[in-house]
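Here is the structure we will look at.
To keep things simple, chains are lettered A, B, C, D, E and F as they appear, and every chain counts its residues starting from 1.
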Amino acid sequence: MTLRADGRSAAQLRDITITRGWSTQAEGSALIEFGNTRVLCTASFTQGVPRWLKGEGTGWVTAEYAMLPRATNTRNSREAVKGKVSGRTHEISRLIGRSLRAVVDTKQLGENTIVLDCDVLQADGGTRTAAITGAYVALAEAIEWARGEKILKVNAKVLTDSVAAISVGIIDGTPMLDLPYEEDVRAETDMNVVVTGSGDFVEVQGTAEGAPFKRDELDALLDLALIGTTELAQIQTETLKKSK
Amino acid sequence: MTLRADGRSAAQLRDITITRGWSTQAEGSALIEFGNTRVLCTASFTQGVPRWLKGEGTGWVTAEYAMLPRATNTRNSREAVKGKVSGRTHEISRLIGRSLRAVVDTKQLGENTIVLDCDVLQADGGTRTAAITGAYVALAEAIEWARGEKILKVNAKVLTDSVAAISVGIIDGTPMLDLPYEEDVRAETDMNVVVTGSGDFVEVQGTAEGAPFKRDELDALLDLALIGTTELAQIQTETLKKSK
Amino acid sequence: MTLRADGRSAAQLRDITITRGWSTQAEGSALIEFGNTRVLCTASFTQGVPRWLKGEGTGWVTAEYAMLPRATNTRNSREAVKGKVSGRTHEISRLIGRSLRAVVDTKQLGENTIVLDCDVLQADGGTRTAAITGAYVALAEAIEWARGEKILKVNAKVLTDSVAAISVGIIDGTPMLDLPYEEDVRAETDMNVVVTGSGDFVEVQGTAEGAPFKRDELDALLDLALIGTTELAQIQTETLKKSK
Amino acid sequence: MTLRADGRSAAQLRDITITRGWSTQAEGSALIEFGNTRVLCTASFTQGVPRWLKGEGTGWVTAEYAMLPRATNTRNSREAVKGKVSGRTHEISRLIGRSLRAVVDTKQLGENTIVLDCDVLQADGGTRTAAITGAYVALAEAIEWARGEKILKVNAKVLTDSVAAISVGIIDGTPMLDLPYEEDVRAETDMNVVVTGSGDFVEVQGTAEGAPFKRDELDALLDLALIGTTELAQIQTETLKKSK
Amino acid sequence: MTLRADGRSAAQLRDITITRGWSTQAEGSALIEFGNTRVLCTASFTQGVPRWLKGEGTGWVTAEYAMLPRATNTRNSREAVKGKVSGRTHEISRLIGRSLRAVVDTKQLGENTIVLDCDVLQADGGTRTAAITGAYVALAEAIEWARGEKILKVNAKVLTDSVAAISVGIIDGTPMLDLPYEEDVRAETDMNVVVTGSGDFVEVQGTAEGAPFKRDELDALLDLALIGTTELAQIQTETLKKSK
Amino acid sequence: MTLRADGRSAAQLRDITITRGWSTQAEGSALIEFGNTRVLCTASFTQGVPRWLKGEGTGWVTAEYAMLPRATNTRNSREAVKGKVSGRTHEISRLIGRSLRAVVDTKQLGENTIVLDCDVLQADGGTRTAAITGAYVALAEAIEWARGEKILKVNAKVLTDSVAAISVGIIDGTPMLDLPYEEDVRAETDMNVVVTGSGDFVEVQGTAEGAPFKRDELDALLDLALIGTTELAQIQTETLKKSK
């Protein structure tokens, strides 16, 4: 039985592609695709930390998310032209940063900074979860690079785990995995879940878009999300095994 | 056994006070206190809706959150002086707006707008959850006012339920309810839960501040949150029974 | 004969209330009420001075004024959301700062900074004069605090005098004291006068709203203002005698 | 006895020059000089009023003040580059606008708008008072122009009086008229007075820069100001008699 | 004889690739590569024109250029985060818009608007010339789309010619075509030339970076530029022949 | 045969006036007039360089261009009030800075900074070329001043040449020199050319406003421009010979 417009079953991810080393300029990079959603993630590694961290012996990892004006079906004004970053953009940037810091041992990173830029080239739902999942690959590449450059010690265990994220939602009463835009707008409840490679939670953000949701619906959505993030963790591992 | 610095048990709320009708200017208002956290919530009722909603026959409810510069232990610069609203402020304003809209039937509201302003006069943890809980009271007052003014029909059921919010967190491995600032900074996991008077979820936002959290920890935190929101719903009901 | 809507005579102040120590966070604070006008004044004491004053051996006192969006009868947009501070807000902040500096001996203050925040919680005319009058109390409290903390020497005479302010105006040809909003909008001439406890002038700002005013009208307004500030100075003194 | 660095007596104005019709583009214009202070004032007359005045049958007069970056002895950053107008600039723009509106009968102006731009080309004290005095001439020229163009009726009495302004201050205990920069920074009390051609007050703004001032000092300053504005009113009248 | 680091001769372009139809969201799109420089160009076609053009019967074509923060060798702050668009970005956006409008018959376009977004994904010199060349392809695609959708008449000749651009410069005294970043920083004179398919000039922007340049050097640079733009025009034509 | 509205021949400049030493505040200044176009150019000389140049032993020259709101025939909003500098303003400021740096030996300038402010008091076409031509005079004055003050060595050859600029354009098929506003808007092709006293090019910026232009038209425009800049160079030399 085909449940969904694109032929997927409820617990099935869209086609996932991660192209590592997409950029010839950045220390780490990945172009990640969740179906038609395409996000370019770059990791910029610089020695030193922001002033408020100096002398603490720990590093800093942060992220910025943005969308090209015509990533979506109709054009949005550029935030640079409007002169300010929207609440949504801020919120997602902060989420990506927190998610990655959850798997970074900043003591092992030493006084170095890594900035992850996640730019959505094309948007079809799930851009923040694709961004987190791709940013992890760019981050791992940048750390590998810093080891190669002898900026980090060869045996420094900067990453304590991997991290990936997926969206889940309830549509017409049925919990579903990895929502494209057309499902996202119809979802009664929408949840983004960030999970480590070991299967523990980093973030759980569930929102009732229509009616409030019940405890058992919450449980069903979390089950589904873990199916998705387990698969994403495997794809990340395989991608990082390939040479850049 | 006293677990906490302020003598509370793990599942106990701080002293909660709601003073309705605090403002002589606004259509609805409440000064809410969760211990030393004090938030002034006002509801501004205006006829008409933003341009993008005109002619749809539905109303609009939105919220803005802000903190006075010396609400906290050290002074913060004013966002107006810095010329922009921070990501944190945007994020909380959006959360409050979504939480209230979850219990509003915008068709019954008609083409009217209610803006909730939640200004933190003093901050000691839990400002966003106090804001949601107090804003509900101000909202209910404003709707009552509009009925008295015959702007809304006497039998229009604009509010489908009540809504309240509380923070929970894991401190030294123990799940605890309603964190003041000093507990909040120590929490390993921090969660804000928004719940209707009927006990269904509107928002669940859990974040691992240190180590990622397990499924059973998530469950324990949700149990605790429901204890808190049940009690808050009762206080809201009693407050709204009193004359303004 | 009752001259005014609220039953006051021309030379009578509204009910004045000053609650000192309102904030548990700030070094000094006062909630001041001129009738329905309510302003929360906090004083933030920090060691050190802005860069341009370093090494001069003198301190710095400054002020910021703002109004909550629903302090007034209809809601105003937040200045933080508009991304800039209005001319009116700037002008009043500067006035409050100048007024307080007139009674501070910055040499005695040493290289310390005091920032006064005056946030109008509810507005019904005279917000700038209430702010100056309340800020003086918060300032005095903060200096008392710094003496208790041994940051200032016990015998340092930082305050050379007290300072208070009141509005006066000509309404239907009659000079009147302490105008609420409904009188303020009708006044032909409007004047704000800032006076020390000794009865000398710090600021005199008179504006013809309608017809230009005569020299004898100016004199009558100044006489009236001095009646008001003398009474305010007594209330300030009594408030500061009470324990916090 | 020579009292002042530039050889003037206490009650003497600097050399005052008003060049009307300086601009070939604006409907009215005047380059005004108070000694080395030079302000270019232009009046832009446009038919129609801002939206909030439409249909009221009255006109609108407003002003904007600004200073070129190198008008002063050391260069200041441009406000356009900093992205915001300073509090001082706002305050002076508002003062100029209010001063001119005090002598305009907006009913007679009809639904027309006049914007006065006062740009300080060179600053040596008294820029705001020069701006008001020069802006009056530009305003009168623009009204004359509109009569010539038949936009205003020939007998419409738009201007009810003339208006001029001067600074006065107490220096080393002596009240003095029309302060250049070097006197202005030394003044204990500083006052700007705006007066109509008939000798009535439009604005009185007195500020204690050092010690608070006494009532008799205030009176002496007002006397001196009236000497200056009487002379300025004569110069304005003569200037406007000359053909453009 | 190998003249250049990448083995090219002085009059040789880098490898040029144009992938049309890269976006599944935009009405027209092209990913263009000049060596390592990669620019994503999208064309957004909307019916209607800006307010100031309404009722004129003519269309509007405009462009916005931007660079991802890590397009370059070291990371630049985002303009959205800085809250303003740099002078360089403005300048290039205006250049792209003018260049495309030179080959558009806005009467034939009717009251429709096309916005070209040129986002530099990776930068290695020549980003503005690649943007113009790629934007032309996206523009042509969008016009084709509008014809297919019957928004434009089948025989409307909106494009009067094609347009392409290339950089030229003098390096160590030798004029060279299509400078990558490492040549660009060394160039004594730098010129961007925009040329139609017919070989006429749309823009000539030559700048002496070091010593001023002679008339014969200018001539040599223009000759070289025409070689480049002729080749680019052929590539554009071939690209547009392929199905999307 | 009179070709032009103002009676000039095609190769004739408007009346050019340069008043050096216009400002009593700046280290260098010139009021330049090209017909009705009037630009006030000031040079601010300060010891020291921006942080990014410290310790390099070289100086810095930069420029800012702006227009008074009523310089033009109808009033424009102030950029300071709009809160941002337009693309056009940025572009011209950058052009002026580059043009002047082309004739400055920054090694000879030492670690000193010169900022050129070019404020258009009245605009009638050619404001950017007048600004460059006048700024050169202000720059030369400031360097002379610094020599007099012994900040620069007497024999330091900071200026390697003079620089001037002029606009040229094709109107009704005829190339013409120095376009006033009414010709500028009608020009099919518009070119600004910046040339040294020795006759070499610093900048060539040609734009097709209507139809693209041919190579021989470009040549004719360059010939005309050189006639103009040769004459301007002579006027600059004569102006600088006069005492300030």
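By our rule, a contact is a pair of C-beta atoms (placed from the backbone, for glycine too) under 8 Å apart; a residue touches a chain by one contact, two chains touch by 3 or more.
Molecules present, by chain and UniProt name: A, B, C, D, E, F = Ribonuclease PH.
This one's a predicted model, so the numbers in the text were calculated from it and none came from an experiment.
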| item | value |
| --- | --- |
| From subunit E, the most remote chain by mean C-alpha position | C |
| Identity of the chain that, by mean CA position, is farthest from subunit B | F |
| Euclidean distance of C-alpha centroids - subunit A vs subunit B, Å | 29 |
| Subunit B and subunit E, separation of their C-alpha mean positions in angstrom | 51 |
| Length of the line joining the C-alpha centres of subunit A and subunit E, rounded to whole Å | 33 |
| Touching two or more other chains - residues of subunit F | 83-85 |
| Ring path (origin subunit C; first step to subunit D) | C, D, F, E, A, B |
| Contact footprint of subunit F on subunit E as seen in their complex | 84-88, 90-91, 93-94, 98, 102, 161, 195-196, 198, 200-208, 211-215, 218, 222 |
| Touching residues on subunit B, where the partner in the complex is subunit C | 23-26, 29, 36, 40, 42, 44, 46, 64, 66, 68-75, 78-85, 89, 115, 117, 119, 121-123 |
